[in-house]
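Naming follows writing order (A, B, C, D, E and F), and every chain is counted from residue 1.
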Amino acid sequence: MCLAVPLKIVSIAGKHAVGTAAGLSQNIRVDFIPDLKPGDYVMVHAGFAIQKLTKEQAEENFACIQEAIDAL
Amino acid sequence: MLFDEKFRRPDGIQRLVKELWDISQETGPIRLMEICGTHTMAIAKAGLRSLLPPSIQLLSGPGCPVCVTPAGAIDEILRLSGLPDVILASYGDLLRVPGSVRGDTLLRRRALGAQVQTVYSPMEALEIAVQHPDQEVIFLGVGFETTAPGTAACILEAKEQGASNFSVLCLLKSTEPALRALIHAPDFAVDGFLCPGHVAVITGSDAFAFLPREFGLPAVVSGFEPADLLFSIYRLAEMLRQKAPALENEYTRLVCPEGNPAAQSAMERVFLPTDSLWRGLGTIPNSGLALREAFSPWDAAKKFGFSPSPTVELAGCQCGEVIRGACRPEQCPLFGRVCTPADPVGPCMVSGEGACAAAYRYQT
Amino acid sequence: MEEIITLDYGSGGLRTSQLIESILVPAFHNPTLEDLGDGAVLPTMDGPLVYSTDSFVVTPWRFPGGDIGKLAVCGTVNDVCMAGGQPKYLSLSFIIEEGFLMEDFKTIVNSIATTAQLAGVQIVTGDTKVVERGKGDGIYINTSGVGPQRAAGLSRKAIRPGDAVLVSGSVGCHGAAVLMARGEIPFAGELLSDCRPLHQLSAAALEAGGVRILRDPTRGGVATTLNEFVEGSALTIELEEDAIPVDPAVAAACDLLGLDPLYSACEGRMLAVVSPGQADAVLDALHQTSGGEHAAMIGRVTESRPGHVVLRTALGGSRILGKLTGVQLPRIC
Amino acid sequence: MEEIITLDYGSGGLRTSQLIESILVPAFHNPTLEDLGDGAVLPTMDGPLVYSTDSFVVTPWRFPGGDIGKLAVCGTVNDVCMAGGQPKYLSLSFIIEEGFLMEDFKTIVNSIATTAQLAGVQIVTGDTKVVERGKGDGIYINTSGVGPQRAAGLSRKAIRPGDAVLVSGSVGCHGAAVLMARGEIPFAGELLSDCRPLHQLSAAALEAGGVRILRDPTRGGVATTLNEFVEGSALTIELEEDAIPVDPAVAAACDLLGLDPLYSACEGRMLAVVSPGQADAVLDALHQTSGGEHAAMIGRVTESRPGHVVLRTALGGSRILGKLTGVQLPRIC
Amino acid sequence: MLFDEKFRRPDGIQRLVKELWDISQETGPIRLMEICGTHTMAIAKAGLRSLLPPSIQLLSGPGCPVCVTPAGAIDEILRLSGLPDVILASYGDLLRVPGSVRGDTLLRRRALGAQVQTVYSPMEALEIAVQHPDQEVIFLGVGFETTAPGTAACILEAKEQGASNFSVLCLLKSTEPALRALIHAPDFAVDGFLCPGHVAVITGSDAFAFLPREFGLPAVVSGFEPADLLFSIYRLAEMLRQKAPALENEYTRLVCPEGNPAAQSAMERVFLPTDSLWRGLGTIPNSGLALREAFSPWDAAKKFGFSPSPTVELAGCQCGEVIRGACRPEQCPLFGRVCTPADPVGPCMVSGEGACAAAYRYQT
Amino acid sequence: MCLAVPLKIVSIAGKHAVGTAAGLSQNIRVDFIPDLKPGDYVMVHAGFAIQKLTKEQAEENFACIQEAIDAL
């Protein structure tokens, strides 16, 4: 029930925005994400963006795990 | 997809797996519980269990909103589905869950003429209400903290629009009280928790700090990709080996300690904590969310009544015990004989990756 | 005023004749059909015949990559091909809900004619019924098909340990495209059905040799179809997740709804179980045939878990793929 | 709680298999069907084949004298017979509206099995779809049928002046019985459909010889079918009103609503045009065959009014019987 | 059936026919009009025309309620069919009649979603209203004196039951005013009338006495079986030969001079004469029946409005002239080319035995 | 529109009655026919009996016609 997917924002109008993934687009609500710009990435659950997502954070996250594995 | 690709096919999996086998030699049997139903699905899809040593057991906890909704609540929902000029809008998950009569589900009621529409978002339910001004639309608001803010936003929007034919049957639940109830149960036997990443996006990872702090239980907030899950399980095992229980956040790309303040404040504006009945856990104080007084016109419980009987459950079904980790599916007397995926008795057999359905497929 | 189909068109009277003579016969023209008797007389076909039927209830009737007319031809053509036949003749039967636009009906008829020509089959006999408003869903189509047997002995009983499991292209596109066209997937965008006739691909596979069984993974998808191959037997099908071609848009759409492309219908894909020695030859043949460019070997037959389909995940884990338990993707073909 | 058919039964997954294995295969058991592949493999049949299809949408599904299952077998068996074939194999395809009672489905399946046995045909391949509530009318059935040609050259082109027009029994019963079961005729009482397979009657007629064309006067009734025999030709069919067998209850029901039994559907009657020399022989053969006891010669082929069917009334007058113009009797087969 | 059997296959038909041929030699061309649509059907079904000498012509008059309903009234009915929550209950006959737009019929509207149910009796329409309390049921009350008493009884019953969701669109018409209008038309050229037997059951045969008395036209009230019709035609021809026009009652087994008083009084209680618009005849004073004031709640015209445009007719359609006997179907410019039974323009082509439909089948 | 059929009355209850013909039965209204008994015949139009019908009247009617024809 907490399924969420990452989408790329292509346009914003107030609380409404359009996000895309793999060539598909979806109308979503962005009530809970301040300072959103087209080009940003968000995690979307049940039609609502619940958090912003950046490439840097994802890479940092992955590097952290990789580092720990490498240390085994 | 997107940035998640590399979390799907990470290097070094072999080393992690080997490490887990090594750890389990030292620690002996380990029982870890994933709380979130989406974690359960992701673990199954990645075939994670097949990689773990047999002594590391993954249990599916009370984090599937369908599995924790008691039969009495489903009975009430079925009653609502029979009211004239009522359209129920529901996430698909709920449609197969039987009430206290076996086989009596929303899917069956719809086949017999009830108006039940599946939606992906609460906003879709509100749109249905706008499109059908002559009908009453009731949104079945199940879910945890991840889902609650959107539900709150939807109710705020309904109020703003003055939508008079829309209401929400609020069955939202809170994670922390359920975990506390679980831990306090006499048959509690879990060694560590895989904490729900998307709940934590909203609540912040700090919401799970009570697990090591108060109960000495290791806890890892985890993402949903194979690497996330395997690494989080490794961290739980490692903390158990080290006997150093702590809260760790594996899902740093999305989860911060304090969560999403805008989402929290929407929940705060619309909801109040309330006592709530859970399948297998009984009534837990302050474990549910109710609409505040100001939103009564959009509260389906007030508009149409809602009095789930706390006692009716399907005779013999051990779903409550299974959810608590107190009983393995195979130990249920109905398992595999009376209760099968094609003809499920309890909610744990309903979902394709529910604990019982998964166990059924693996028995031969 | 737009012309619509009314109950009169199904009365068996003047309007019915009009529909047949002005729309259907010209679209499908062939000498067998033009006789317009109670049935068609088919020229002698030597040897055993392959015979199949399907009804098509897809909604909406038009979806990206096809429509119910194309689907109705492909569905039966493919079933005849999968059962080892060379489809030659189709029957065609409509159940139309009154109020359906004549223009849309013509579109569907044209689509049937075009697809039939592409697949090398003739429509030789048919029927048209019109039902009252509210008793249908625009249009339902049934086709049956018949043709000489091209290869004998195709059967799940022919499958042996060590056999290779092949698929002719990416999986689950049709199911996802229809769900999107229905608005059940809250996405917009181009997601094309894979709907296409498999007469050439099946011929290519059979010609290459070593084929144990063919099947088009329609309702229930690849996972359910493969289960049907081994259930109740001593055999296992072991799939490699990484080897299974999935279109990124299909994967994205399925992810969003927690669905699995392996349970999503295909209407232009072929599963083949092939003897180990011929697997490469069949795969080559598919690659060289239109519609098989992305054919892949996706697994092997073993005896590790009798009666089950097992997926080796990208992570190296494994999971059992059961049959579909109920409607995951409602009404898609 | 009564068991009902839900969308799951059409999913292609577990429930679909259940339905097939627990209800359909046992009811129709035969080696061809039990293979359960994408299609059936039929043994070699020599010579040309006759092939036909119809969809059945009758409402209510149960009517005095039959049900949609019996009708679905008779309809296609009869079309194959009328086109000169000996029906041997049927395909069977269901479109079920969710909520349909499992018990009723079993009744229909049993009725199909019984009628198929009676008619000497095997159900060898099939399909089951389930549609959402409100998108159907309980159950629709399509059948197609195939079998070797028994007599060649049956065609309207074979009709000659002087030929006799025969009918195998009283006309219009099915249409009237269904209208009454629908409540469209505000009558109560026993009015039985004539629904029955025509394999024996058509065989008897063909054996007696001299048959130019056979046809079962279903939708549109006797008048429309006979029009199809002569329209656009130089021939006339002249009927004798007094010679046409009409059941008194059918006549009464039609009178009440201003309907004409000659336009009311039959589902177990055969029209035959026969050479003058063989007419008596064919009539004798029909009289000696079950279901043909009340066969009658009802008219002659002439050239008096090219392209038309003319009825000589009891009064000695004549009138032209045109084709049915639209639904007189809504949705009856 | 029953006692009518012998009227179907009478002896001595040859003699009657021969007599008619003889008479026509003496009289020259005779134009007889059957007023009743059921007579038209019966004449066609018996093949009577084929027995008559060519100089005895049978014309179909304004006695088919469908044929005389003007396009403007159909337009209004089509409008009613589009109102939300309205069910129209109608005799089947009306469903194929186009309004002012060709092909726009109740049958089409129903195919596009309008709720239109066919009934055999007005009482069925009232039952539909009882079964659907949330919908408005409008009964389309067409017909002549035969039909009017039942319609009146139905309205009385609706009032007694207090049926608030039922009303009747009263399009009932009276025979006598129409005949008078016809006779006064400048192109009137009919030599005698076959009077409607079932209308006369209600009104009494005396209702047609004005024809010989005021206009010197012979008139025979006739039954509907072949012998009835042939004999009545013979009587009309004979009166013309004798130049002794009178009213005769051939249908004595059912028709008496004064009619059915109970039926007349029901009509009297419920209806008032009103001016009415006829296709081809224009507005005829006092030729229609309207509901009395006391029954306004069941008057669909008052409940939903009813203002048929008097001017709209399908361009080119000569149905009005055909009904008046002023034009043969073949003389209509649309006949057979634009207007066919499969695709009728006017109501005379709609009914299987309508004047134009019959003529179409006989042209080769 | 003035189609009518003769039915034989089998039972009466107030304004309602049941009529039969050729083994079929129909619920009809008899508002306009006083003194109706089971066994009587009525002519029915649109669900309402519009007149009683007797064998004697029918025979008399027929005899009349036959007589006139015979006189030709």
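The rule is short, and it goes like this: a contact is a pair of C-beta atoms (placed from the backbone, for glycine too) under 8 Å apart; a residue touches a chain by one contact, two chains touch by 3 or more.
For clarity, every value in this text was computed on a predicted model and none was experimentally measured.
Spelling it out: a chain qualifies if it touches chain D and also touches chain F; which chains qualify?
E
Please give the intersection of the contact partners of chain B with those of chain D.
C
Greatest Cα-centroid separation from chain F: which chain?
A
Counting only C-beta pairs in contact, which chains form the busiest pair?
Chain pair with the maximum contact count: C-D.
Since chain C and chain D are copies that touch, just let me know if over half of their interface numbering is common to both, same, or not, different.
same
Centre to centre, by mean C-alpha position, how many angstrom separate chain B and chain C?
Centres of chain B and chain C (C-alpha means) sit 37 Å apart.
Centroid of chain A to centroid of chain D, CA atoms only: how many Å?
Taking the average C-alpha coordinate of chain A and of chain D, the gap between them is 62 Å.
So the centre of each chain is just the mean of its C-alpha atoms; given that, what is the distance between chain A and chain B in Å?
22
Distance-wise, how many Å sit between the C-alpha centres of chain C and chain D, to the nearest whole number?
About 30 Å separates the centre of chain C from that of chain D.
Among the residues of chain F, which ones contact at least 2 other chains?
3, 5, 21-22, 47 - these are the residues of chain F that touch more than one other chain.
Among all residues of chain D, which ones touch two or more of the remaining chains?
Each of 6-8, 14-15, 186, 248, 251-252, 255-258, 325-326 in chain D touches at least two other chains.
Two or more other chains touching the same residue: where does that happen in chain B?
Counting only residues that touch two or more other chains, chain B contributes 1, 38, 107, 120-121, 124, 341-342.
Which pairs of chains touch each other?
Here the touching chain pairs work out to A-B, A-C, B-C, B-D, C-D, C-E, D-E, D-F, E-F.
What part of chain D is in contact with chain F in the complex they form?
Touch list, chain D to chain F: 180, 186-191, 248-249, 251-253, 255-258.
Note which residues of chain B are touching chain D in the complex, please.
It comes out as residues 101-104, 107-108, 110-113, 341-342.
Which positions of chain F touch chain D when the two form their complex?
The contact residues of chain F facing chain D are 3, 5, 20-27, 47.
Inside the complex, what are the residues of chain A that reach chain B?
The touching residues are 1-6, 8, 15, 21-22, 29, 31-34, 41, 43, 45-48, 50-51, 53-55, 57-62, 64-66, 68-70, 72.
Which bits of chain C are touching chain B when the two form their complex?
It is residues 184, 186, 242, 248, 251-252, 255-258, 260, 305-308, 311-320, 322, 325-326 of chain C that touch chain B.
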